[in-house]
Amino acid sequence: MNSKKYKYTIITSLIIAFFINFNGFSQELDASNYRMRLSLNSFKQSDNSRMLEVSFIGQNKDDRKDKLPVFDAVIKYYNEDNLLGEAKTSKEGIAQFTVPEGQNYITDENGYINIIAKFEGSEGLEEDDDDIQIKDLFLELNLKEVDSVKTVFVRGFTKDSTGVKTPLEGVTVAVSVGGMFAKRKLEEVIIEDGEFEFEFPTDIPGDVNGDIMVYSTVQNSDDYGTVVQSKSVNWGVFKKETVKEQNQLWSQAAPIWMYIVLTILLLGVWANFLYTIIYLFKINKGGKEIEGEHVTG
Amino acid sequence: MENKKTDKGGSNRRNFLKLGFMSSVSAVAGASIFSSFALPEEEAVESGEKIRLLTPDGKIVEVDATKVNKYPEALVTPEESRIGIPNRKFVMVIDLARCKNARKCVEGCQKGHDLDYNEEFIKVQLLKDNPEGAPYWLPKPCFHCDEPPCVTVCPTGATFKRDDGIVLVDNERCIGCKFCMTSCPYSARIFNWGHKEKFDDESIPYSPETSIPAAEGTVSKCDFCPDLLRQGKLPYCAQSCPMGVIYFGDKNEDIVTNGTDTVSFSKLIKDRGGYRHLEHLGTKPNVYYLPAVNRQFPLERGFDIDPDILNRYKDVPYVQDFIKQGKI
Amino acid sequence: MNLENRKRELAKEFSPLLEKTTIASKVWMGFLIAVILVGIYAFFIQLIKGHIVTGMRDNVVWGIYIINFIFFVCLSYSGAFISGILHFIHTPWKNSVSRIVEIITVLSLIIGPIFILLCIGRLDRLHYLFMYPRIQSPITWDIIAIMTDLVGCFIYLFLTFIPDFAILRDHSEKAAKWRQKVYKFLAIGYQDTPTQRKKLHKITSTMSAMVIALAIVAYSVLAWIFSLTVQPGWDSSIFGPYFIIAGLYSGVAVIIISMYLIRKYYNLESYIRTVHFKGAGIILLVISLLYGYFTFSEYFTRWFSHKVMDTELLETLFTRYFWMFIFANYIGVLVPIVILFFKKIRTIKSITFAAVIAIVGLWFNRYLIVVPTLETPYLPIQDTREEFIHYTATWVEWSLSLTGVAAFILLFILIMKLVPIIPMSGIIDHEREQEKSKKSIK
């Protein structure tokens, strides 16, 4: 009996364990099969604020295409030991935090700002962090008409702790114009001596008012991150539609002559029908009178 | 002896039942624990599609993916949809040199518009212009012509051309006479012949801009996805193409993009010899094609598709040769 | 000739036709009703399950229903045309035929649009055609034309019935009470006084002129539904006249067939005589020559200029539709011509046979106009599903077609029970004319 009880206990616990596991298998898995990747990028925007973007995504160790974003994780941003702020990841695993313009960053001896993004671990996920070292790049974009030639001026420089400006060297800067879906690149130059200029093309329509948004961008540089500067200028040659299509075969209102012809035809025909019917009533009346005569006569 | 046996059988059964009861209780408990992990309801409408996410505690959960549009703000009623997005003139450029019949455009469009397997708003044809030329794959959406023969013949005004160039179909006004289908020279339209369950889906209010849900006995076609355009996104086909074949943009601002490359529309057409199909019919289509020159790979790459779809092209001599040689 | 006596004679002669129904006739009507019931069942199946039960699919979106629609409407227009012309011609034999023609006109104009309704995907939205019409659309023109034509032909038909209703009202004491009431109501007090006669004649003349004009305009509009598109095989400049001639062709053929049947089954040999058949036969001959000429022009010009799309269309016609093409455009045209050409073989039976061949050939000609064009579009049909590439009609469509024909015949029989098929007033008018001319000779 004892051995039988023992057997039953084992069977019971196995079945319970199986059910729990079965439960877990159908609905939950732990993340042990995924390697977590946390990466930090810096975007300096036109108003000189810096957006720090973290992507926190798990990648399946066996199937590299299977990616699992982490949702609602708290990411803390530090500049050295100074806490800048924190943000939560979205459903795509992206957390964005914007540092306002006037922030005084702690720089190291070479002038690099050290920014760290940290995820403080939890029960299921380990602690993870990423850091970047970037210099604060100032990008200036000017659009001026010089000698009746529309020119674009781009200047880039960094400032050291004393405020001395060092011109930018050897970095690719792209100038593009904004469109509804994407930006179209006009020029892409490796900047020398901190500045360059070029002639703005004359065939860009811009928006309905002739305004064009011009962007100068340093994309994914090791030293500076991504820096964007933009300005709007009224150099567009938008051709306004002079003729609005009306009264065509395919518009809502038909060509005028169709209305006229149709009305004439229909009026003619239905007038005749009406005339006929009126005559029928006259015949009817006449017949009734005659019948009346027959009765009385 | 017998009594003992039945006694044991009785206690066995009792034990088993107890076991079953306990395990089911634990299963239910587990389920209820799991459901408490469910994420807060989003205001946006659920699409019925699930995405997998990782919680900060390291657990994998499945959540309803939110639809692209957030209703009710995103709703464009049929009356409003007759007015286009102001100051735009949408145009599409398809680069035939790069198309390899991956059919991702077809699938992306089907997913975005809730279409069945054989319902295609954008079709891929295999054409051979002349005996000496090479056959090429032609993705063919609706061309949203500037002088559309389909709009002219609609007796109720259910299909209309907007100021931004898009031709839409109002499924609430269409009476299903199919005159537009007979007058389109590009065979761009499809018809909903019978009743399908997806027509009864009332979770999303109908708008001609989304073409969802379709209605029985009415006409449907490619709509250039105005609901995505209003959010600054490219149509489903342009987003899905792995080769960047489909460029889309606004002719007024002269920029088209395929998601990666952004170029000037007028330069693209001039430099690459862009043309329109059946130009001589005077429909003035808004989809331009870049000729299939300097093909980057052989045509056979495009035969890697379902056999029933490949069977569609059996009348093209190139395919017939292949079949004869037993290669497919 | 004593007018009243003559009227009484005629009423007595024709009343049995109206009031008595033979057993054979009842059986035949029962059969027709059975066919119609099957059709109604098929209609409900289509209503519930949707158009997927037909053979129409994304490329060939117009099938048997549209073919029947054009066919019946072309019968109607030719009827209108012929009855209008008959009104103005003063021949002795026109009287026996005129009512048959007018009834065909109205009945086919009722049956034809029913087929269009069958082809519409959303019947619950039919009123949108009147709430949001677009007058640039040929379908809107067609709706206006058919409605106007229906009202016009119906009024015209009624005008020709009035004198007969008056005779029946005055001389059918033995008839059932309800019949007498109906006659009284429908005769609208017509007493056949000279003034009334003149008035009636005047409005009938105007209406018949109008009906001729309506017939031409309205049928051209129907032809333009096809020829105003750009599709190969349809964008032909001669579709308007072609359809009118084809309409006349089928109309005369149906007139001949109905003359034959009515003559035989209602024993009206004295009224519908050989001269009618010979006259109709000659008209059919002339029209069939014209019709053959138009058909030949269509296909010859397409073959000669060998444009790509025309070549593909002709290839479809001569491979997939080979036997249909031979029947419709060779046999259907040449056999009637041959039969009608030679005086010796022009008998009543052979003329009717020619008419039957003509009508069946014409139906197939309509099929060959509608379906092959839709099967050879500009951009080739590359579809996985066979039913989307080639059109095959299903039992629902065939059953509804037969229902249309059965309904046509049934309604014809029922009208013949209301009003005599040979206009009595016409007989009297004709005899009055003969007396006048005799008197004037004297």
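Per-chain residue numbering starts at 1, and chain names A, B and C are given in the order in which the chains are listed.
The criterion applied here is as follows: contacts are C-beta pairs under 8 Å (C-beta built on N, C-alpha and C of every residue); 3 or more make two chains touch, one makes a residue touch a chain.
As the structure is a computational prediction, the values presented were derived from the model and not from experiment.
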Comparison of B-C and A-C (more C-beta pairs in contact): B-C
Identity of the chain that, by mean CA position, is farthest from chain B: C
Distance from the mean Cα position of chain B to that of chain A, given in whole angstrom: 20
Chain centre separation (chain A, chain C; CA means) in Å: 63
Chain B and chain C: spacing of chain centres that average the CA atoms, whole Å: 47
Multi-chain contact sites of chain A, meaning residues that touch two or more partners: 249-250, 252
Numbers and ranges of chain C residues touching at least 2 other chains: 134, 136
Where chain B touches two or more other chains, by residue: 149, 152, 157
Complex contact set, residues of chain A against chain C: 249-250, 252, 254-255, 258-259, 262, 265-266, 269-270, 272-273, 275-277, 279-280, 282-288, 290-291
Contacting residues of chain C [partner chain B, same complex]: 49-53, 56-59, 61-62, 119-122, 125-126, 128-129, 132-134, 136-140, 143, 225, 228-231, 374, 377-385
Chain B - residues contacting chain C, complex: 118, 123, 125-127, 140, 149, 152-158, 173-179, 181-183, 185-187, 189-195, 215-218, 277-278, 281, 308-309, 311-313, 315
Of chain C, residues touching chain A in the complex: 134-136, 144, 148, 151-152, 155, 159, 162, 187-191, 193, 195-196, 199-200, 202-203, 206-207, 210, 214, 217
Residue numbers on chain B that touch chain A, as the complex places them: 15, 19, 22-24, 26-27, 30-31, 34, 39, 51-61, 63, 66, 86-88, 147-149, 151-152, 157, 160-161, 163, 229, 232-234, 248-250, 252-255, 257, 259, 262-264, 266
